[in-house]
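Order of writing sets the labels: A, B, C and D. Residues in every chain begin at 1.
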């Protein structure tokens, strides 16, 4: 964690009431925590835009395992980039479809490139990359 | 404006330093203002998702004015919905292309529908709807 | 416009039926037009990410004109960057609030920087930058 | 899979050349596959907006495991909603931080609500919900 600062923030009372209602709906019990989450989200958004930033990311893929050679291709691609892929989770969605989540670590640019390659593979029906933080300093 | 509340927020010193650097880069001279903007942005994001919310929006369209009847079609469509279209701005981008910005007002669902229709018109090459606030209570 | 190519696309019949229903709901009367719009949207998304790309953009601002000196500040800021600001549109939303839309042109990085400065100005309550195309080649 | 339809699409030659370059950069070897991915992405985007749609989703959380009782709270919350949580993956990022990915299944509205609760928990530093498809019909 590290040292805590206490700062004062001036907010129009109306706006504050609306914010309190919003964070209550989302399940926050603590207003400072909501502010910190907003800040971290802005910082991570900025980090993710710079290709050289170290990031952690998750890539969600949904694919049809009946597509010929697909599982092999996805495995090959992943092994090509094994230093950037920390781990994967697999769920059998239905008789045809698999969901796979990869946890990636590396520079934002490299991570995006690996994700693009996997998403472009024939048989992968949908996917999204979520860039998050390595945790450091947040 | 209305009455101002002063609240205290506890933030890890590291996180606060990073936030201060971020908002400095963006040109903020006042930390409270940055917090208020984050809050308003969350609130407007939530409002925009509910089709019944009253919103103001801007629709940006880029189109090729050489496409036969396009200008007429866009004008007709806009007149069909004139109570929701406050005003428009037109810029001649180059010999072929026009940019048009419409300011819309109404329920979020209705505004989205009008935007979809205009964006789907043949000859409209790109466009985006930006939902913002009516100003009230923010 | 330029020369037209006709290409063949293979799509699962189920997926095609769902796509046809989607574009019908959005008001398309022509499937090729819907495909072209999807393509252009991807291309513009990629362009917008590179700071050196020439772009056109619209910036939507909502502000409270009662805030002291705000109109002057916004005007000053805009004049500082007048070569990048093609035009603006102003709407009086209610007794307190103004909506202003700026049409910007320049490199994506420069345009974002101008937008950040304007959005960070005290009294500007909400805003969004929409990056679109200069029209060229799309 | 199911039956395949072959359709013709008319595209300006310039636009097509740019699209081909884009999908080549992303690693596609097949233009139809790129079109199908664009279509599926639009359809899933629409599905995700309707709270009643059945979806699969992944929730990425980064948290500080030193925060008192956090692991217990996250586990309790997850068990409260166990029918919607198919599986989770855990990665130890550094001495302080954990990354956890949850695979969720259910109606979009319910899934969002669970995600909001987990994201709002004190000690969870960042997170994102990615809504994807159950696979059915895509």
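Everything below uses one rule, namely that a residue touches a chain if its C-beta (ideal position, glycine included) is under 8 Å from a C-beta of that chain, and two chains touch if they have at least 3 such contacts.
Just so it is clear, the model here is predicted, and its values are computed rather than measured.
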Mind listing the chains that sit against chain A and also against chain D? none
Those chains which touch chain C and also touch chain B: none
How many angstrom lie between the centres of chain C and chain D, each centre taken as the mean Cα position? 26
At least two other chains touched by the same residue of chain D: list those residues. 1, 36, 40, 138
Once you've mapped the touching chain pairs, tell me: line, ring, star, complete or other? ring
Going by the touch rule stated at the top, which chains touch which? A-B, A-D, B-C, C-D
Using the touch rule from the top, collect the residues of chain A that touch chain D in their complex. 1, 23, 25-30, 33-34, 36-37, 40-41, 44, 56, 58, 60, 62, 64, 66, 86-89, 91, 93-94, 96-97, 99, 101, 103, 116-117, 119-122, 124-128, 130, 132-136, 138
Chain B touches which residues of chain A in the complex? 1-16, 18-19, 22, 31-32, 35-36, 38-40, 42-43, 46, 137-138
